[in-house]
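In this document, chain identifiers A, B, C and D correspond to the written order of the chains, with residue numbering beginning at 1 in each.
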Amino acid sequence: MSSEGLQRGYAILKEQIDAPTASYLSSCVNCGMCAEACLFFTETGDPRYTPIHKVEPLKKVWRHEYTFWGRLSKALGLSKPVTDEELAAWSPLVYDGCSMCGRCSVVCPVGNDITYMIRKVREGLAAAGHAPEGLVAATRRAITVGSPMGVKLPALQAQIRHVEQDTGLSVPVDVENADYMLLLSSMEIMNFPEFIAAVTRIFDRTEVSWTISSEAFEATNSGIQIGVSDLAAELVQRVVTAAEKLNVKYVISPECGHAYMAIRWEGPNLIGRPYGFRVVHILELLDELREQGRLKLQGKETDRLTYHDPCQIGRRGGILEQPRNLLRAISDDLVELPGGGMMNWCCGAGGGVSSNERADEIRLRAFNRKKSQLDQIQVDGLVSACSNCRIHIEEGLEHNHIDLPVLSLTELIEKHLAD
Amino acid sequence: MDEVGAIAIEIEPTVATTGNVLPLLHELHHALLRFRDDGSEHCIDVNSLPLSEQDHRQLESVLGRGEVHARLQALGDSEITETRIPGIWRVIHANADGAVVGRFLEVTACPSILKTQQPDIADGIAHLQRLIDELPGEDQ
Amino acid sequence: MKPGLTVGETLRAHGVTRRGFLKYCAAITSLMALPPSSLKAVAAALEAARRPSVIWLSFQECTGCTESLTRSADATIEELIFNAISLDYHHTLQAASGAAAEAAREQAMHENYGNYLLIVDGSIPIADAGYSTIAGISNRDMLLETAAGAAAIVSVGTCAAFGGIPAARPNPTGAVPVSELITDKPIINVPGCPPIPVVITGVLVQYLTFGLPDLDAQGRPLAFYGQSIHDRCYRRPFYDKGLFADSFDDEGAKKGWCLYKLGCRGPTTYNACATAKWNNGTSFPIESGHPCLGCSEPDFWDTGSFYHALSTPTEAIGEAAVYAAGGGLLIGAAVGAVHQRHKRKAIESHRKVSLDDIDEGAAK
Amino acid sequence: MSDTEFLLLVRGPLFTLATVILVGGVLIRIAEILFMGRKKSLAEARGSEASGGFRVMLSRSVPDADTFHRSGFTIISGYVFHIGLFVVIFLFVPHILVFERAIGLSWPGLPSNIIDATTVITLIAMLTLLIHRIVDPVRRMLSGFQDYWVWLVTALPLITGYFAFHRVGVSGAWMLAVHILSVELLMITFPFTSLSHAFTLWMSRWYNGAVSGYRGIR
C-alpha cells in the first residue's frame, strides 16, 4: 500500500519540477540564513525546521531525475531514491512546521523562492498519503460538503437573515449581472458574521452592485493548503462556474490569506485558463472606493493600533499599501510591527497549520514571535485582514493571558462610515 | 650619416627608487646605538641588497663624506671613507680592472682592513732587516 | 704552479699581502652570498685549502660558458681563483692538442684518481654517439671514463646541468644532462646560459673552502641559486605596487617598472643575476630593460613564448572556450531535451489525485 | 617531471581542458535548467515580471535590517569573503593578464601587497564560515560532503596563491604550477556543484523576483 503511495507521490514530485525549481536547487549553498528567517526555527531552535531542509525530498527527486550526474548515478545504481519513510518523516516539517508565509523566500541571498518549493513538496507528500489527518478531513469536507468547516448553505442563509435584521438592509443572493460577487470564508460565516454585516453596510453606502452566490460562496481552498492541485482546481472551478453563470464583473476575495492566493494567483493556473471576470481583494476594493471618494469616512480611532499583514495578502499577494491607506484614514496613532509590511512575521497558523491538530502545540510556540513583537510596540488594538490570523492571534493572546482586541479591518472601516 | 645623426638618442638615468634605502638607514641607526652601548660592530654587504642606481645615489647623498678618506692598494684599489656619520664607514673594493667587487657599510671605530696585519708585519720585519743589512755599515 | 700548495700559499707566492687576502675574502664572502660576519671563517678555510686538480670537459656546447669565465682577462680576483686550482685539461684553453692533450687528461686522472674535480659544460648526445666526439671518443664514453675517478662533478651551464638548448624540442641528438648518465658521484649544477662568471668561480671557491655546498632540488648551490631573481630584483617594489611596463617603449618601461607583463620569468628563476650582475657588476638583463628568460631553469627554451606573462595560459584558450561553449550548448540542449521528455512523460501519465489517495496515510 | 614541465603542463593542456569543462559545463547546466520549462501564469498580472526580476537581482544583495540582525555573522563573513574573492581574482595583475590572453580584455589592477592582504582577510573570513558551518546546528545539519569540498576547492587557490606569491621554501615554478592546478580544480568543480550558484543565483533571483513583479509586490 505504501509503495503505491510512494509511487504516486514520486510521480507527482517529478511533474512539479520546473526551471525555477532546478535553478533554486542549483543555487543553494546551505548558508542557513533561511532558518533565521523562519519562525518555526526561531521559536523552537530545532534545525529540522530550516526552510531549505523541508525541500529535501524534492531536491532528491530533482537530482535523480533531472540532472545529468543524478541520472548517471541512478543508472549505475549509485544513489538511493527517496523512500516512503523519508516522505513520512518530512510530513511534520512541511505541514506542521511551515505556514507557507514566504519570509524565507524574501531573505534567501541567492534568491530562492523556498516557499514555492515547499508548496511542491506538499503535492508529493499529499499524493503519497502523508498529509496530516486534520487537513485531509478538511479537504474531504471542502470537496464533499463545500466548506472545510462543513458549513452548508442553510447556515449561511441563517446568518444572512441575522445580518438583514441587524442592518435593515437586504443581502443580495444570486443576483445576475451584479458587478461584484463576494466570497466568504467559513470562519467569517461561523465566527465573524459581523464581516458580512460590515460589507453589506459599506456596499450599500458606496452603492456597489454586488451579490453572493448560493452555489459557490466558500472562499477558502483546502486543496491549496494540503497541496493537491487536482482538488484545488475543482474548488476553484466551482467559484468560476458560479461567477460566470451570474455574469459578474468581479469576484471579491474576503479577509482570508490563502483564499486570496487560491482565487487570485493560483486559480487560473489550476483550471488551465484565464477567468471571464477579475478578482479583487476586499481591501483593494475598499481602498479604491476611498480613493474615488465613494467611501467616505469620519472620526478617528482613539486607540493606538497596529496592522498585522496576512502573509498571503501582503508579502505574497502584493496588498501592502491599501490596508495602510485605509487605516491612516481612520487612525492617527498607527504603529508598524517590527518588519511590518514585506518582512512581517507570520502569526504561525497559515498554510493549513490551523486545520492540522497535530500542529497545535508548535503553532502556539510559533505565536511567541508575534507575542514578543507585540510586547515591543505596546498597542491597544491589532488590526488584520484574515479570519485565520485573527482566530489564531486571539487564541495565542488568550493562551498568554494577554488582553488585546483583534479587529477586522473591514469591520473597523464600516464603523467609520460617514453619515 | 645625416639620417643616423638625426635620430635623437636620449638616455635617461634610472630614476626608480625601490624604497629600500630607508630600512637600510634604520638598520644603520640601530647598529650605531648598539655600537655606542656595548661596542658590537656591524657590517652590511650593500651589494647583496636590491638597490637601484637612484637608491645608491640617495644613500651616498645621505651618508656623505666625513673626516677620513683612505685608499688601499692591494689587488686593485679599495676606498675606505668615514661617512659624515662618525662610526659609519664606507668600504668599496675594486679589482685590478677597476670593477667594484665589494661594497660594504661598516659600523666600527676603524675598519679592520685598515689595520696593519700580523703576517704583513712579519714580512715587514724581514724586509726591514734586509734593508738594514743592505745598508753600508758605518763601522766597516 | 704546483698542486698541493694551499690557496693562501699560492696567493702569498703571488705577492698578495694579508690586506689583499682579506679584501679577496671579503669579495668572495659577498660573492657566496654569505653574511659579512662569516669573513673570518672564509679566510681561515681558504688559507688552508689545497689546490685541486681540475679536468674540464666540453661536450655539445657553444663555448659560451668558457667565454663567460674568461671574460676577465687581467689579474682579477676571478683569475686568481683560477690560480688556486690546477686546470690540467681544458681542450679550448690548453696549449696542447691532439694526442698530447688526451695524454694530459689521462695523466691528471691517473695521478689524482679519486680526488680531482671534473667540470663539464655542454650536454651529451645519446641518440647517436657520432653527433659529438673528441679525439674519436664519444662524449658519453669520455664522460663515463673521466667521471669514474672524480671526487665531484660540476656541471657548468644549463646544457650540462639540464640539457639546455641541445635538448630543446625536438632534441634531435638525444641530448641529456650529466646527471642523467652519472648517478654515483656528487654533482653540482651551475646552470645559466651562460652562468654568471663570478658564480662559477664562487662555486669553485665554495668547493675549495667548505667542500660540497648545500644544493637545492635541482642540484644547484643554494648560496647562489637559493633565491629567485624576482626576490632580489631591484624592480620588485614596482611589482608589489602594481606598476608594470606594458611594452618595451612605454612610460613604465622608461621609468624602470616591473617587466612581469612582458613575460619576465624572474619569479620562477633561481639565480644570482640580480645581485652578482654581469660584466663586472655592470648590470643584468632586467636592469637593461629586458625580462628574465629563465635561462638557469630546466627546459627554459621550451616553456612557451618569452614574452607572455608567466601566469597566463600557453594555449589559445579563447578559441577553446568558443568551441566549448558551442559544445556545451549542444550537449546541454540534448540533455535538457531528455529531461524535458522525461518530465512530459510524467505529466502525461498523471493520474488525478483523489480524496481516497490522500486519505490513505492519514488513516494510519 | 621537472618543476618547469609541471608548470608547462598546467599552463598548457590542463588549463585548456579546465577552460573547456568550465565553459561547457556552465552552459550545459544552464541549458539543463532552462529546458525544465516554466509555465506562464494565466492569472491577470498586476505588474511586470521584468521589473520584479531585475529589482530582486540587485536588491537581494542588500539584506533588510532584521535579517542583518539575525544572520549578521553569515552576512558579514559572506560579504568579506565574496568581495575578497572578487578582488583577488579580478584585480591582481597576473590574473588580469590571464583574462587578457583569454578574452582580450584588460583593466587596471591593484597593488600586489593589497591583494596579498586581501587574500589573508578572505581566508580568515572563509575560515570563520567553515567553523560556523561545523559549530552551528543548522549549518552542520544542512552541510554534506559537497559543502566542505567546495569550501576546500575555493580555499586552495587562495592558499596556494599566497604561497606562490611569497614562495616559502619551495620553487617558484612548482608553487605557481600547484596554484594554477588548484585553480583548474576549482574551474572543473565549479559548474557541477553548488559553486554554480555564481551563475544560477541570477536566474533564481530573476524567477523569484518575476513572480513578485507579476503580482505587483514591492
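One rule holds in what follows: a residue touches a chain if its C-beta (ideal position, glycine included) is under 8 Å from a C-beta of that chain, and two chains touch if they have at least 3 such contacts.
Predicted, not measured: the structure shown is a model, and the values here were computed from it.
> Counting only C-alpha atoms to place each centre, which chain is farthest from subunit D?
When every chain centre is compared against subunit D, the largest gap points to B.
> From the Cα centroids, identify the chain that ends up most central relative to all protein Cα atoms.
Most central by this criterion: D.
> Nearest whole angstrom, what separates the Cα centre of subunit A from the Cα centre of subunit B?
Roughly 90 Å separates the two chain centres.
> I'd like to verify one number: the distance from the centre of subunit C to the centre of subunit D, where each centre is the average of its C-alpha atoms, in whole angstrom.
Chain centroid spacing, subunit C to subunit D, equals 38 Å.
> Let me have the rounded angstrom distance from the C-alpha centre of subunit B over to the C-alpha centre of subunit D, please.
Each chain reduced to its C-alpha mean, subunit B and subunit D end up 56 Å apart.
> Two-or-more-chain contact residues of subunit A, please, as numbers and ranges.
Residues 17, 66, 68 of subunit A touch two or more partner chains.
> If you look at subunit D, which of its residues touch at least two other chains?
28-29, 32, 34-37
> Of all the residues in subunit C, which ones touch at least 2 other chains?
335, 339, 343
> What's the complete list of touching chain pairs for this entry?
Those chain pairs satisfying the definition are A-C, A-D, B-C, C-D.
> Inside the complex, what are the residues of subunit B that reach subunit C?
Spelled out, the residues of subunit B in touch with subunit C are 12, 14-20, 43-45, 47-52, 55, 72, 74-76, 78, 91, 93, 95-97, 99-102, 104, 112-113, 117-120, 123.
> Provide the residue numbers of subunit D that touch subunit C in the complex, in ascending order.
It is residues 2-5, 7-8, 11-13, 15-16, 19-32, 34-37, 93-95, 97-98, 100-104, 109-114, 167, 171-173, 176, 180 of subunit D that touch subunit C.
> Give every residue of subunit C touching subunit B within the complex, in rising order.
16-20, 22-24, 26-27, 29-31, 33, 35-37, 39, 72, 74-77, 80, 232-238, 254-257, 274-275, 280-281, 287
> Using the touch rule from the top, collect the residues of subunit C that touch subunit A in their complex.
Answer in residue numbers: 335, 339, 342-343, 346-347, 349-355, 357-362.
> Okay, in this complex, where on subunit D does subunit A touch?
So the residues of subunit D touching subunit A come out as 28-29, 32-39, 41-44, 46-47, 56-57, 60-61, 63-64, 66-67, 70-71, 74-75, 78, 133, 136-144, 147, 150, 192, 194, 196-197, 200-201, 203-209, 211-212, 215-218.
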